[in-house]
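Following this line, the structures themselves.
Each of the next two complexes has subunit A plus one other chain: subunit B in the first, subunit C in the second.
Let's look at the complex of A and B:
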């Protein structure tokens, strides 16, 4: 018994060591960036990290814990972004007596209306807070609705079929966004009222804090969720759906719930992104950024491990930013033949995916096999028996 | 021919080839190949480079297109897919590995277009390939030549699979890998040949599609849902089903957009890709295993008034 315990602690130490090493690398890179470029770049990285952490954790809930190959993450993100871009602003415009129908999204009207709404929001902090809460609620609700809608035809399909159907749905929402001018202006960006304007000079810092807090809440929520009986049934279905069905779990219901929760969280991520940028440009929401990047983050961090996903997102966000910042400095030889080093971002993404699959199949921080009950409770139960 | 038909035919034969490539690689190696997108784009850029630098008709360069596509497939097999197949990786892992390969290829294509722009002062980011075509019977010649090339290519593939010894071995491996291995068939070589043929097919399909649409570096990335939709519509079970599925998807898109735009106005054009995807979703709802899952025998039996199980 003692040797076994010793081995378990050894393995635990090893796992902890990995996490600590990744955190050290992240800190080293951050200090390097901080000393060479200063605070703003760090804040940008933090915002990128927090938004993509929310999206990637939602992806991890669906793919890592439930086993749905979610290749259509962009759908929920887009829906959240469009909901925030179209609905709360229209409600405000309605109350202030501005045009709020289809013409709200046309650039000539939008250009005049939105600054006035923002000015009103900036005058009253209660209104600002209410606007923020309303935006996030709208995003979460529409994301959940879309998740449910997508799950109807798709959830019964098998692995590859399911993945491709989700990919197709994601693209469908992308085209709707590009073409439907009445909602968020099609290819013309639409401005969004800014609930953070009340903080004037500190806007950026406050946004970082707010998004970080929400990301942290999502992390806590997902940790609780995956340790709950519901989370255990998710993992059971992922590992062996036949056994789960035999144990009386309704596979379709559980998977649908997972898809709905995941989509709602991803929609919140999309909505926060829109509030941070201040406008919705439907061109900006591509499959590459909001489906494939989160997949790369998740695979690097470790599928099915929330803490690993966070570390993976942080590491890759830093590397991505570094390519953007140092592109002329480090990759000047490419510029000589006319090649823009920004494309190296895709190379990095592809290389990370390939490298992780070949050499680190379980990611930086692999999923820990958790007992159904915590160890001390198992001990107590055993002691009670004797 | 009606106006949509000529470009629809070109586009549909391109999609048929790419969807066939997806299906071929899937049924041999269980890999859902994302890299088909960049393989198609590479095929288009090879033909474009040939035409722009050395002149002549685009058809002249199709052998090179096939060769380069095959090389891309070969690299993917030896560098990536082989190790994962040996490790018996899950289907999703195989899929993700090809996605990574696709992204690397995409970045290389983008760099190559940058290189062409700077070195040769060209505009390779928006290319209409059909201006290099000639007229035949008042239509673009591609509308006749490309379906013909596709049919010849597929006939050759069919002959290879049914008449040669290696083709029969390949089909045996597709049917039952374990049994085929036990009877002495080298499955490694079968997978390799599947990737080589698949790469060639995808590149040729991409060169076709660029004759009907504007060629861009993200062309393949943009239409990859349709390639997959074709393969899934065909049921992912048989190569011919995939080819048929791709063709149906391509023709539906052009015909559907043409008639719907006549009926409802030009705003339909923006949602053109929604039409074939809708077709795929409806097919999947009714027949969860695609076109190949339609119980034809049963249907004919019902029509002829036979009872079930007679011809079993």
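Let's look at the complex of A and C:
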């Protein structure tokens, strides 16, 4: 008995060890970057981490928990970005008596109007806060709407077909944004009023705090959502949709809800990104960055595990930044054999995906299979049976 | 006793193959109706047509006064008719307990309620008490906390039955609930089914192991090549020369 218990503790220790090791690696890399490059790079990584954490957790809801092959994550991110780029600024412009129609997005008007809106926001913290809340609400609503819209034709399709249609939708929105000048300027970036200007020199730090807080709230929200009877329905549909239907689950409704919630969260991620950058350039929203990277983050972290996803995102965001910073310095020699280190970022993603599939099929932190009912209640039921 | 499930000339064709051919069966309320027949005779296909997994090519399925032909499985679940699968389909990402709980209803299945634990946790606790009772009846209560993927084949069969029995439906179709289960447990499971029947439930059971199942049956339908070839009380059907012939003629190859 003792040896068996000892074994179990050992396995548990090992699991915990893995999480601790990942955290240590993350801290080591951060320290290295901090000493060699200073604070700004750390803050950039933090922002990257928090935004991608939101987006990847939303992907995990749809793919990890529900089994929807979401290869079009970029669609909802773009819609969130465009919504924040086009709607709240126009509302402000309207109230301030500036042009707010199609002209708002034309570069000649836009670069004059937006600084004045920002100036007004910076004069009043309530206005700034209101603008932030409005932006995120608009992003979430647009994301939810697009999630619902996409789900209509697609949701009844089987895995591969569903994946391909979602991928196509992602690209569709990218090209709409790129060509629709009247909305967010098409290929010309549109500036976005800055609700963080009020913090002047501390802007960067405050943004980090705000985005971190939102990412944390999303994490809490998703943990509640997935450890519940709703979360159980998601997993049932993921594991076997026919058996789930026979157990009374409406597959179309549940998948739609998952897509709508996931898309709303991803859109918040896209909206925050735009507020942070201060402009929307549709070309910046590529399938690679906002679909494939989140997939790599999720696969490394652990499909169906929100904690795992956070670790996966953090680790890869750091590695990615390091590659971008150091590629020419460390890997310049590759040019000799005709490989441009510019491509290392993509190579990293491919390597991560292949490595995870081969060596860590359940990711850094595998999904926990445990009852939805809180442990104290479970104990009570078990005690009552004796 | 009134009729709870009636199929009227239900036919299912798979590209030329007529898997079920104008099947007419009547399941009386609060009965144990047994459906027998050699391999490939269309029993599972008939159940699939009744529970929305397949759409019949023609014919009608009536549940009480409601025409449920072509309804979706979850709609049929909603009107109190559930089924289990011949080949167990466990939810491998869930514990044994949650496999059973998933077949029950809880207000927390709505995402809005899900995020506020106190709206669903009481109901979940009650459901767990019920689920544990059913798991005990099929002998899986000790394994409640295991991932369902860790169960063996016979245990998965038992879990499949437990999912069906927990649903709170008024009529339950069990597709070979005791296939591959040892005789003693098989008898125990069917006794439990009989007990639930005495509480008012109705059962439509597909089973190959007639020796174990027949004593529980009120009425038997025998199928061969998609057609109902015999029906009646157990003694009558089991002594029907047509039934004996298909079982002797084909039973041998089937083994």
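Rule of thumb we're sticking to: the second predicted complex is superposed on the first by the 365 of 386 C-alpha atoms of A that agree within 3 Å, B and C clash if a C-alpha of one lies under 4 Å from a C-alpha of the other, contacts with A are read in each partner's own complex, and residues count from 1 in each chain.
Just so it is clear, contacts are C-beta pairs under 8 Å (C-beta built on N, C-alpha and C of every residue); 3 or more make two chains touch, one makes a residue touch a chain.
Treat the numbers as computed from the prediction; the structure is a model and nothing was measured.
Asks: Return first, second, both or neither, reflecting whether A:23 touches subunit B, subunit C, both chains, or no partner chain.
Replies: Once the two structures are laid over each other on A, A:23 reaches no partner at all.
Asks: Which partner does A:39 reach: the first (subunit B), the second (subunit C), both, or neither?
Replies: Neither partner.
Asks: Mind working out whether A:304 is in touch with subunit B, subunit C, both or neither, as first, second, both or neither?
Replies: The second partner, subunit C, only.
Asks: Touch test for A:163: subunit B only (first), subunit C only (second), both, or neither?
Replies: First partner only, subunit B.
Asks: Just to be sure I read the superposition right, which of the two partners does A:179 touch: subunit B = first, subunit C = second, or both, or neither?
Replies: Only subunit B; A:179 stays clear of subunit C.
Asks: Report for A:232: first if it touches subunit B alone, second if subunit C alone, otherwise both or neither.
Replies: second
Asks: State which residues of subunit A lie in both footprints, the one left by subunit B and the one left by subunit C.
Replies: Comparing the two interfaces on subunit A, one with subunit B and one with subunit C, no residues are shared.
Asks: Show which residues of subunit A lie in contact with subunit C when the two form their complex.
Replies: Of all residues in subunit A, those touching subunit C are 221, 224-225, 228-233, 235-236, 238-240, 242-251, 257, 261, 304, 367, 369-374, 377-378, 380-382, 384-385.
Asks: Which residues of subunit A touch subunit B once you look at their complex with the stated criterion?
Replies: 69, 153, 156-157, 159-161, 163-165, 167-168, 171-172, 175-176, 178-179, 287-288, 292, 295-296, 299, 334, 337-340, 343-347, 349-354, 357-358, 361
Asks: Please name which positions on subunit B make contact with subunit A in the complex.
Replies: 26, 32, 80, 83-84, 89, 91-93, 95-97, 99-108, 110-111, 114-115, 117-119, 221, 225, 228-229, 232, 236, 267, 270-271, 273-274, 277, 280-281, 284-285, 288
Asks: How about subunit C: which of its residues touch subunit A in the complex?
Replies: It is residues 51-53, 72-74, 77-78, 82-85, 89-95, 97-98, 101-103, 105-111, 113-117, 120-121, 124-125, 128-129, 132, 141, 145, 147, 163, 167 of subunit C that touch subunit A.
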